[in-house]
Amino acid sequence: MTTTSNSVEIRDLDLHFGAVKVLQKLNLDINEGEFLVLLGSSGCGKSTLLNCIAGLLDVTDGQVFIKGQNVTWKEPSERGIGMVFQSYALYPQMTVEGNLSFGLKNARIPADEIKKRVARAAEVLQIEPLLKRKPGALSGGQRQRVAIGRALVRDVDVFLFDEPLSNLDAKLRADLRVELKRLHQQLQNTMIYVTHDQVEAMTLADRIAIMKGGKIMQLASPEEIYNQPQNLYVAGFIGSPAMNFIQGTLTNTTFAASALQLPMDDYAFQNGPSDGPAILGIRPEHILIGERAASCAGQAEVSVDLVEGLGSDTLIYARYGTQQIRIRTEGNSRIKSGDVLNVGFDTRCSSLFDPTTENRI
Amino acid sequence: MVDLTSPVHDRIVDGPRGAKPKSRLSRRNIFLYGTLLLISVYYLLPLYVMIMTSLKGMPEIRLGNIFSPPVEVTFEPWVKAWSQACTGINCDGLSRGFWNSVQILLPSVILSIGIASVNGYALANWRFKGSEVFFTILIIGAFIPYQTMIYPLVILLREIKLMGSVWGLVLVHSVFGMPILTLLFRNYFTSLPEELFKAARVDGAGFWGIYLRVMLPMSIPIFVVAIILQVTGIWNDFLFGVIYTKPETYPMTVQLNNIVNSVQGVKEYNVNMAATLLTGLVPLIIYFASGKLFVRGIAAGAVKG
Amino acid sequence: MNFTKKMMTAALALAASAAHSADLEVTHWWTSGGEAKAAAAFAKAVTEGTDHTWVDGAIAGSGGTARPIIISRILGGDPMAATQLNHGRQAEELIEAGLMTDLTELAEAEGWADFVNPTALLDSCTLDGRVYCVPVNIHSAQWLWLSHDAFESAGLDVPSNWNEFVAAAPALQEKGIVPLAMGQQGWQQNIAFAALTIAVVGVDTWRQVTVEKNADVAAGPEYAKVFEAVVDARKLAEDSNVQDWNLATNMVITGKAGGQIMGDWAQGEFAIAEQVAGEDYTCLPGMGLNEVIDTGGDAFYFPVVDDLEVKAAQLEMASILISKEAQVAFNLAKGSLPVRGDIDLSTANDCMQKGLKILADGGVLPSGDQNLSADTQTQIEDLMAEFWASDMTAEDAQGRYASIVADAD
Amino acid sequence: MTLPAPSRTHQKTKRPAQLFRNLNAKFASIPMILTALVVFVGGTTWTVVHSFTKSRLLPKLDFVGFDQYERLWSSNRWMTSVENLLIYGVCSLVLTMTIGFTLAALLDRKIRFEGVFRTIFLYPFALSFVVTGLAWQWILNPDFGVQNVVRGWGWTGFAFDPLNNPDIVIFGILIAGLWQGTGFVMVIMLAGLRGIDEDIWKAARVDGIGVVKTYVKVIIPMMRPVFVTALVIIASGIIKLYDLVVAQTNGGPGISSEVPAKYVINYMFRAQNLGQGFAASTMMLLSVIIILVPWAYLEFGGKKRG
């Protein structure tokens, strides 16, 4: 058995709505105290998976374990989970205090204990002055804090977050993100967090599970996901602007696409190099220009279509033969559209994919 | 220039909005208000005539015209309609029907709304295998002519020994009120954020807990709408009242029809009109008192899911 | 407040009700002025003659409105203690279904068969040798009621039969008087039709059609004359636009109409208006042509109930309804003839005396109720309603009438 | 932290019996299930089955095939009833929709006292058909009502007595029906109009399209679902037409204002011919189905559920 204890285990989970298979034979182990982010575009099944863990959806087949207990058919409240929703889901007719204590009252916890727990949660979240207010009188950020508090008071093992920040504006979202991270460090609970925002995923997660079509495409740390995407989907999904993909062939560890010849000597082949068609994936910031391009083993001439200055960065949309190439370089660049650039490919940071299996070579 | 071509479209059915038109006597305005006033006359005429007739004595009715106001105002027809008009040898007027209607109304409204709101809640949040099928049957049932179900219901009520009693009629009202009310509540509960329901489940509240502590307090407006819908509907019912009650428990509408259509000697049109107005009074009061809610109620009842 | 007071009285009455008194709900459709008075006479007799209370369940409208309510309540398992129904075929199925109380023992003990006159009345309460209802009066429908005022104002003598009436009509019309008052309801128009039939074709032919259901006769030349007569009558009634029978009667009372074809219950309305037969109005049984009357009438049935007290009270009530005193009081108010041949009705007015005389002479026919099922009756009434209100030709109406007769059961 | 035993960790639990999941919800739905199955499905089926019998006063399973229907369709009264309902139905549909929409459009023109006008147009809807029928019976009374008043003004030849004239009596009922029901349609239409994006009006103005033309070409097509809803509601109400006729004319003069619903009640209870009544009510059911099925198909046919 593994040395770290598993907080949540999911075994062969299936969920079908009629003929639509939302989750398929899904397996996932989440470690004690881990912050796991379920990331994917809408309809990938991430929220569905979270609802299955919470017990809000009946699974078609498979098992869910929390703390080693099989909870597949248990009521949500009996699973030791707390949940925070996108729309906050505060009970509008109850005060903040009422919202925090509702779950405890349902669990028939003594009144003084409820009081204690509510006070502690309010302190942690700094919402003590709001306790007597109704949710209608709170700002978005305050509401979300109360929603988190509702999970907090219940003293649960696992926190489930269903896109908790997507209803907030960008500034507040960034603030609360930091607070969530701090909260996790403070509480050390297991947290499962659903989002479609890669920034949240990258900043918050211990591990990220990228989902597509009811399956997990890759489960790894943010760095690994970013640097070593296991397949084309993950590679294309993570990173903005998206990774460049160049069609070509691989012969003796050299990737060739028309005139471009890239020796991939530094590349860590997973199963050893094999010849045949391949796709080179390289992030915009790993295509170098100017002096740094010269030091690269593979170089090419591209013509610039469009330049976007972002202040800190500059994005260059260029063309290599028929292929579009995105390049990210430092701000205040003098490059204009129409220029012809000599670019270099940093092969150490690139990925190679098999066009048929779409998996990393 | 009159700014009539840019209407303001509020989503809510609300009172007059926006700035008043700049020129009051434009041709367009005269046409618009003229038309509206003319139509208003058509709608108000019957009420006016009923009130005028009910305040006249019989001799004046025979001589005068129905539109002229009474020369001599008398409230006797009202008194007579309320407490003396006869059906058979019972000469206690409409008052009996009024109290019968009240006795039918209260339990009917409570029971039908109680059942329908729970149905709507179960359908919105606790779907189970077949629940949609039953709901579909229910909605189709709203369109089935009552005539095809009247007789089986007589048999049914006979079997459970409720035929002719107030409770039998209460049951009939609950059954026939169920489709539209269930639809109303289901749509309302569906419109509430689903996450609220999920949150309550995570918080450990059960079927009834969520209904009573989370859903009910959030649904006061829809309950008011349903109450308005049911009070006017049940008060105005005639068919079920005729078939499922007996003379002692006749609701007001049935008694009204009896009083007006059972003539002793000459037709007392003034008493008839007073009786008619009395019967219409309850829904009218509700209508005028509830104002926008009534409008919202019938619009809500009409708009499908 | 009035209501509170009533509630108090009701509560007290409830508390005071002794062990052996029962509330007897009685349904009937006697709601016009004269009828209501008659019903009150029965109520008084029951309340005074027994320990029980008559709870009045009057149902307004004609029998057509009331009957379904009564029947559906009996079928619906919520029977009243007693109910008016026209005896005849209406109750047959209810009796067959065992829903009506068997009164045979009471009838035999009191010897109803000895005093009920004509005996046909008791026969129609009898099914397979058992008695199920109490006949309470004899009603006949073949009467022409004439307004003296109307004819005087037109400078005419009061007609003595239907033919004279038709002849006098144009003069009435000139004076703006509606010759024939007719309520626009099928059953009233059917009464007029039946009355005209007997007046025009006589009893025997009528019997062939109505009792023996001979469709050929119904389609034949003799009956054609009946339908011609109805077409004439229809013209006379053109300007009559009332619905209820008593409003039509009222037109005769006030001299707005020359006459009305209606059953003898119309007399109650004249009585209430304090008019005197022979002075203010004239009645012509059998339209003055064929002096016969039918022996339809009202009867009381007692649905089977579970409550033993009510069961006992039902028999007491049955006995009261047919008693001499109640019969006199009731029939004087209602304008109908009593069912007992052994009571003195010298106080009866001119019209009732005429009826009694015809009865004594044996000029009686069974009423339509006794011969035709409700279904057939309804179809004929529907036909009459249409015939009188439209310009349907006599031939068409006769053809359809004959086919209803052919299908009658 | 103690490690749970592996055997316990991977113990599988079986899916609980579905019947007992959410038992409370099912328990609470019993009244609905009973109503749907026993009354709506059961009752209707019972009536349809018995329409093929010769039940008279009491329901009997004495089958006679289509005899009741043959008699029904050869009955003048039924034919008159159907004809009346058709006239009433078509006129009522066209007029309530037109008047309802026109009123809504007028009220939607940024007018003063909108609330007052709306209240006036809608109040009859709060009244029962019995009250409506009796009120209009009085107003249309030829001796005292409108006809008499107009004659009193000097037009002695004026004739308007729909309730006493068999040829036009159904229009007398129609007047009352419109009075009662148009306000309701107006409210539905108004809700529909208010649901239309104001930008549409701005766009139409920018494009120089006149008000009437905007209504006809743009607004009405956009309100199709509202019209359909109103249509179905009015149509199903028309078939049930009963109280109004009973109170206003009771089918008279003669049988000239009879309607199918009245025929059913009449034959079921008064004529004691249940089979005939059931056959007539089955025909009513059939006509509802004819209206409902195409609508349901249009409304729900293409869409997925949920």
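A, B, C and D are the chain letters, set down in written order, and residue numbers restart from 1 in every chain.
Keep in mind that, in the parts below, contacts are C-beta pairs under 8 Å (C-beta built on N, C-alpha and C of every residue); 3 or more make two chains touch, one makes a residue touch a chain.
Keep in mind it's a predicted model, so treat the numbers as computed, not measured.
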Intersection of contact partners for chain B and chain C: D
Far-end chain from chain C, centres as C-alpha averages: A
Of C-D and A-B, pair with higher C-beta contact tally: C-D
Mean-CA-position distance for chain D and chain A (Å): 54
Computed distance of Cα centres, chain D from chain C, in Å: 39
Approximate Å spacing (C-alpha centroids) for the pair chain B, chain D: 15
For chain B, residues that touch 2 or more chains besides their own: 243, 257, 261
Set of chain C residues in contact with two or more other chains: 69, 72, 75
Residues of chain A whose C-beta touches two or more other chains: none
Touch relationships between chains, expressed as pairs: A-B, A-D, B-C, B-D, C-D
Of chain D, residues touching chain C in the complex: 56-58, 75-77, 80, 142-143, 161, 164, 166, 250-256, 265-273, 276
For the chain C and chain D complex, residues of the former touching the latter: 64-65, 67-69, 71-72, 75, 90, 92-94, 97, 184-186, 189, 241, 243, 373-375, 377-379, 382-383, 385-390, 400
Touching residues on chain C, where the partner in the complex is chain B: 2-3, 6, 25, 27-28, 30-33, 36, 39-40, 43, 55-61, 69, 72-73, 75-78, 80, 244, 246-247, 250, 269, 272-273
For the chain D and chain A complex, residues of the former touching the latter: 1, 3-4, 6, 8-13, 15-16, 21
Complex interface listing, chain B residues touching chain A: 193, 195-196, 198-205, 209, 213-214, 217-218
